[in-house]
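First chain A sits with chain B, and in the next complex the same chain sits with chain C.
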Partner chain A sequence: MGTVVRDYMIPANDFTVAGEASSRVRKILTQLGVSPDIVKRTSIAMYEAEINAVIHGNGGNAHVEIDENKIYIRISDEGPGIPDLELAMQEGYSTAPDSIREMGFGAGMGLSNIKKNADILDIQTEVNKGTTVNITVFFNRP
Partner chain B sequence: MTVKELAEKFNYRIVNTPDSINRQVTGAYACDLLSHAMAKINEGDTWVTVHTNLNVVAVASLTNCACVIIPENIEIENQTIERANDKGVVFLSSSKSAALICYEIINAIKDVR
Partner chain C sequence: MKIHEIAQIIKAEICTRNHDPNIEIYSACSADLMSDVMAFSKSNALLLTGLINPQVIRTAEMMDIKVVVFVRGKKPLDSMISMAEEKGIALLATDYPLFVASGKLYQNGIRGRGE
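The block that comes next holds the complex of A and B.
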């Protein structure tokens, strides 16, 4: 199989389409016959990163590459950046406003959910420049 | 037991009827933190939540749960039902509490097994 490449826009604060990129990637993986466990882990990790871009990053982009061994996802935004990444990675820490919490988000589980489900997680962030979350999930764990 | 059979057995209101209403129910899960639900719902679970916003449809679709059940007759937003139809996600509604709904479902599928 060749490499499947997809790019998606992630609009800011628009919950009518939040999760749409993750949903499409899930469909592609399922169609490719990737195992349900890998589909689930990828969906969780990508959805959390996508939602973070919607809520915190003023929207952004998702770039996805799927080859025979792995899926690589890059979610990038030009939002405010994360001042203290170590703190943000702690489960339960959240900066989400009340309006977001009322929808069921803001539990401070997003980044830790990504970490738990990705085989490789690399986050590049700079205050006032933006954040890029790089997620890799291997189809057969190395 | 299918979602439809479950709804009929316990008198849950069927809010919308995509094809997935004939899916098998294999478990029950209740949680209102979306990240937690996203991580923990198993395929085939019924998901009981008090949230009725659009994000519930996204999480239900991504986790491939059997259906969403809204407890205590909480009103469901129209745009949520429309999106649920697009995504093939069944919504049920009940006057019962989340705890009671889970109790009923777990007992019902235990009997079937």
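The block that comes next holds the complex of A and C.
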């Protein structure tokens, strides 16, 4: 199989389409015959990152590469950045406003859910510049 | 347990049409926080929730959840129903509150852990 590359726009503050990119990637993985466990882990990790970009990052972009060994996802935004990444990684820590909580998110579980489901998680963030979340899921864990 | 049996036990209306009526549900998760749902990793699961918005359907899709039950008399909008139908997810609506609906299903053999 050749490498499948996709790019998606993540619109800001639009909860009706939030998750659309993850949904499309999920469809591609299913069509490629990827095992359900890997599809689920990838979907959860990407969806949480996509939601984060909608909530905190004023939207952004998703870049996805699927080759014979792995799925690589890069979600980048030009939002406010994360001042204290270690704190943000803690379960339950959240800066999301009440309006987001009413949508069922903002419980401070997003980053830890991504970490749990990704084989490699790398976050690059700079205050006032933005955040890039790099997620890798291997088909066979090395 | 089949969808129509679930609907009978919690006196729920089945809002979607094209879901698979033969799917077997073994386990369930009750939550209003979608990130909590995503921390739940069982298959053939049902989601009971008091939250009603398109992200519930998306979360169910990501988690391979085939049945969503809205509690406390909340009814999904037509846009949510068509979104769920597109993804093959069944939507049910019951007047029971979350605790009672969950309890009735538990009593009838649905558990918090599945296959």
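Observations, loosely collected:
As a working rule, the second predicted complex is superposed on the first by the 142 of 142 C-alpha atoms of A that agree within 3 Å, B and C clash if a C-alpha of one lies under 4 Å from a C-alpha of the other, contacts with A are read in each partner's own complex, and residues count from 1 in each chain.
The definition used in the following text is that a contact is a pair of C-beta atoms (placed from the backbone, for glycine too) under 8 Å apart; a residue touches a chain by one contact, two chains touch by 3 or more.
Since the structure is predicted, the reported quantities are computational estimates derived from the model, not experimental observations.
Contacts of A:43 after superposition on the shared chain: both chain B and chain C are touched.
In the superposition on chain A, A:92 contacts neither chain B nor chain C. Of the two partner chains placed around the shared chain by superposition, neither chain B nor chain C is touched by A:2.
By the touch criterion defined above, A:16 reaches both chain B and chain C.
Applying the stated contact rule after C-alpha superposition, one finds that A:33 touches neither chain B nor chain C.
Shared contact residues of chain A with chain B and chain C: 15-16, 18-19, 22-23, 26, 36, 40, 43-44, 47-48, 51, 103-105, 107, 109-110, 113, 116. Of all the residues in chain C, the ones that touch chain A in their complex are 32-36, 38-39, 41, 43, 49, 51, 53-56, 58-59, 61-64.
Of all residues in chain B, those touching chain A in their complex are 32-39, 43, 49, 51, 53-56, 58-59, 61-63, 79, 83, 87.
Of all the residues in chain A, the ones that touch chain B in their complex are 15-16, 18-20, 22-23, 26, 36, 40, 43-44, 47-48, 51, 103-105, 107, 109-110, 113, 116-117.
Against chain C, the residues of chain A that register as touching in their complex are 15-16, 18-19, 22-23, 26, 36, 40, 43-44, 47-48, 51, 103-105, 107, 109-110, 113, 116.
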